[in-house]
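You will see chain A twice below: alongside chain B first, and alongside chain C after that.
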Partner chain A sequence: MAVEVTKVGEVAGGRVETYWYLVGKRLRKHKLAMLSLFVLILIILACIVGPYLSPYHMAELGSTGEVMQPPSHAHLLGTDELGRDVLTRLFYGGRISLLVGFSSVFSALVVGIIIGAYAGYYGGILDTLLMRFTDIMFSIPVMPLLIVLSRVIPGSGVWKIVVVIAIFGWMTDARIIRGMFLSLRENEYVEAARAIGVSNNRIIWRHILPNSLAPIIVSATLGVGGNIIYEAALSYLGFGVMPPTPSWGNMLQNAEYAMAIAPWLVWSPGLAMFITVLAFNYLGDGLRDAMDPRLYR
Partner chain B sequence: MERGEVLLDVRDLKTYFFTDDGVVKAVDGMSFTIHKGEVLGLVGESGCGKSVASMSIMQLVDVPGKIVGGEVIFKGEDLVKKTPEQMRKIRGAEISMIFQEPMTSLNPVYTVGNQIMEAILVHQDVSEEEAKKRTIELLRLVGIPEPERRFNQYPHELSGGMRQRVMIAMAMSCNPDLLISDEATTALDVTIQAQILELMKDLQKKTGMAILFITHDLALVAEMANSIAVAYTGKIVEYSDVYSIFKRPRHPYTYGLLNSVPSLKTEKTKTPLPAIEGMVPSPYRMPNGCHFNPRCPFATERCRKEMPELAEIEPGHLVRCFHPVSVEKEAYA
Partner chain C sequence: MRNYLIRRILQMIPLFIGVALVTFAVLSLVGDPFAQMAINPRIKPEDIARLRHTWGFDLPWYLRFFKWFFSMLTGNWGVSIFAGGKLVTELVGRAIQYTLRFSIATLIFSFIIAVPIGIYSALHQYTFFDYFSTFFAFFGMSMPTFWFGFILMMIFGLKLNWLPIGGVMTPGVETAPFWVRFLDQAKYMILPVIVLSLFEMGSWMRYARSSMLEVVRQDYVRTARAKGLPERTVIFKHALRNALIPIVTLLGLSLPAIISGATITETVFGIPGMGRLTVDAMLSNDYPVAMVCLLLESALLIVGNLIADLLYAVVDPRIRYS
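And then the complex of A and B:
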């Protein structure tokens, strides 16, 4: 993971290099992160395209003879207890799991950025109020409350899970953003922007936020993997995505009792989740290395 | 000297900082006026409240700082009483400011053109193309070669002098009536410093704007200013036109400052450079009476008890001292 130290603004081959160009260049040298990125793109493509290529429908029941078939030519990853094709369900489940992962991270990020930005920029009493609120949210035991919430919030399905995860997922982001804002607001360009009459909101969103993107991106990347696990845990406990809509989590839960006689039902969603989450974590690590501010001074 | 009408009148301005260790009276009853088209030099050593005074004029004092008294009359209106939104419209449009650190005063994620355009678009209702056209004109005005190319460059691609020119272009974007230059040339090389000064003088002549020139460098004010205000511990101790200050400094502090500048004479006579005894008092423990008394060679019992008022001892020459110096200094330069 040796990274070459290049200064921002250094001219390479007659081209002046911007920060993001350098980040890309360094990320490309990070083999594990590039492999992870490749795997992720593959998985995402498979989940998008897969269901169209599959001859089966995710909820299509097989005849009695097709129940719990081991992997074969007709069913590459076998069938489940209702005779449904596991590979097809894996693609659908991936769609749901990734969708939950991405959108919950995004929603949590929006909340975290808003709270962190205002707390860090304005400071004082607003900062105290928002951060104490964040502390309170942090000290709530999440799992039991998630279970209660997923019962209390009406409706079922994917969006409920996204909302529930986002409600408890924004605090870390808020703290990161607040820290960034606390230090960045002391910069002279912020003072200069104020001195030419730029409004506070514009300073927050246009001047400070773009400068605090690096840690946000890293945290978001790592967050997607984490939230996929969260969704699986919720689904496993029976409070997540409701069947017949498959997600990797509820596929695992379904497979639990059949583990001894049909291990492929566990392996497929389990491995898919494992590889995806691992890839997100490696990619996040790679991004963190590539964006390390200490290498750009 | 003939003077235009009063543009900025700072009256008894008090800006205090309420820290955990006590109240710091950074600006404690400062008064000065700037006339239209005039350059006023505000001189003093670190911690005398020059920068806080400029931030107070802009109404940009942050907590724990607070303007606790006084008025800042700009074009007949008190800026202290303005709402934040009214102030925002004045900043950049009527009063602009340039800062000490050109290296960090520009946002690293935007091109310089983009940032000057922002200054225009914040205050004026013009199209993007119009703003871009004006930005390029401004870049040319502040002496940046190849403005079309520079427009699309990022701050890190420019040298310190260039960046300060960009800052000046930004400050000039809406033709302000008052430009506050807070140690704007301090961080630059002497040669670049001279160029930037020349540019500011030139722009001042072209536009007729007034400049509040804040510095600790006496040679610079002599170069730039029409009048000089000398600040010490948050108060103005002497105020006059450049010529009188340099020729006949009346406050012992000003006298000491001017004496501690090396000249050809000290070089010839090999006498050690005179310095002002002692140190600036701690902001938490100001001495009683005149704040300069512990360091003043002429201090008397009265100086240790009473704070003198800023009094006009000659027409146009104000001094805050019971025992103004009456020695004539040989003229500088």
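And then the complex of A and C:
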């Protein structure tokens, strides 16, 4: 005999009106956030596909006549001081900058969630120790230490920059998660889970964490934009992603000296970075509005 | 209140020591600043060994830390390892002088412009002005400072030739009369202050707007309107005063930025301020200078947090600490 199972939260029309469904619905109404999402998808696609469509390679040097040429049909955004095609390098640079942005936020998030979750769930001495450590990390001037760490950690790879940015990026996440855990652990469903003998780890990761992700998603979205700028600033100072690998930041480092004669070298990487960061900020703002239940009372 | 203050100040001490320890540990990763000297055949190995001993580089980093920490506590901030053995206080003092000039101008400029705009756009939510100022705020917060600096330099420095593109004063102007000197240095401040302000303005505007939006939805504002008070009185006496509370407390949190200096902007415009001094000292492991710079900033961060909390209680009588 067939048994009809109705899922919790399912309404008569057959559509599940979960929290995330509502968030998506609200977000779709936020025009600027949707536009930003569209622009971001476009930029990400361009960075993935672009290099395959370009007739040039990012490290392909031009002949003497091709050095520092202004935008033309052959080179849509001109060429740099070594005769390399700027547009092609912009695509590759975008890959690197976005990769650094996403993966540094992700790594920081993992650290922040682990520290915040254990501190908030267990409380007591563990909480005190972890949170005092968070306070210390919070009180350290970030920019100078970012610079020094990226200089002393060996290697010139992209992953070094990701690690360095993540080291100073997890504290806000940890505090937010801890706050969520402090309030959520008192809920009935946690008590119920405990009563039927669910292990602490399972309660933390399967019961509480999914319910505390909303504020973290906002801070992560804003964080991607912020970390792209951090990478660019480090690269500009010469401590970020090392040439010949292009990133939007180190393309600007080279451009600084060419400013007077080749302004197109300044415009394109900066504009790409600015639009990307702006889109992340708008998207984060839209998500915040969509996830804040206070606004929809 | 008094107990609260004492407790907070006592909590600061371990925090401060922790910060100093972590910072020093990272700094020690830079390694021995005298290693390069060994390349020079004219410098005797004995001399290098003597220098190493003087600065504690023959000790493990934590012993070097304690040696430095206790001498700092007794007020002896020492001399720079490089920079011709100049006093740390002298180096820091000169750099702060430059940094303060830019940061205070930035704070005043951005605060005066951004807060009224934020308040106004909250009172006219969803109008064109509101959308425009919100866009401007996001624009400022998303702009990479050094790139914005380049663009201003290209337009106002190279193309129009109106303003100098870097430095702090025209060489040779030191002997000129006061007003000439003042105008000359003011000219060098315009571009960096615009760059620094754009970002600051964005966040001040967002804070002012959201704080005012929060307040105008409150019941007491509705009550004030309902009893027939003129709109001006409602806005200025009932709403604005309360909206300013979180904004004023934020001033406490911007304290460290006033002293620390913006490394990136200082590099772009060639300003010899605290940001550059800190980073240059760190990169050469000139730890007496670097530690004073870093701890100054951390101390202001910690104290700034406390001031923000205290200001909160001062401007809002509903808040009482115990």
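Here are a few things to note about the model shown:
The criterion applied here is as follows: the second predicted complex is superposed on the first by the 278 of 297 C-alpha atoms of A that agree within 3 Å, B and C clash if a C-alpha of one lies under 4 Å from a C-alpha of the other, contacts with A are read in each partner's own complex, and residues count from 1 in each chain.
Throughout what follows, a residue touches a chain if its C-beta (ideal position, glycine included) is under 8 Å from a C-beta of that chain, and two chains touch if they have at least 3 such contacts.
This structure is a prediction, so every number in the text was calculated from the model and none was measured.
Number of chain A residues touched is higher for C, counting chain B against chain C. Contacts of A:Ala255 after superposition: chain C is touched, whereas chain B is not reached.
Once chain A of one complex is fitted onto chain A of the other, the partner contacts of A:Ser199 are limited to chain B, with no touch recorded for chain C. Residue contacts after overlaying the shared chain place A:Gly123 against chain B, while chain C stays out of touching range.
Touch criterion met: A:Ser139 reaches chain C, while chain B stays clear of it. When the two structures are aligned on the shared chain, A:Thr18 is found in touch with chain B, with no touch to chain C. Contacts of A:Met180 after superposition: neither chain B nor chain C is touched. With both structures placed on the common chain, the touch criterion links A:Asn211 to chain B but leaves chain C unconnected. Shared contact residues of chain A, touching chain B in one structure and chain C in the other, are absent. Residues 132-133, 135-141, 143-145, 147-149, 151-152, 225, 229, 232-233, 236-237, 252, 255-256, 259-260, 263, 266, 269-270, 273-274, 277-278, 280-282, 285 of chain A are the ones that touch chain C when the two sit in their complex.
The touching residues of chain C, when paired with chain A in their complex, are 14-16, 18-19, 22-23, 26-27, 29-31, 138-139, 141-147, 150-151, 153-154, 158, 256, 260, 263-264, 267, 275, 278-279, 282-283, 290, 293-294, 297-298, 301-302. Those residues of chain A lying in contact with chain B across their complex are 8-9, 16, 18-19, 123-124, 187-189, 191-199, 202, 207, 210-211. Across the interface of their complex, chain A is touched by residues 58, 60, 63, 88-93, 96-97, 99-101, 104-109, 118-119, 122-123, 153-154, 156-157, 167, 170-171, 173 of chain B.
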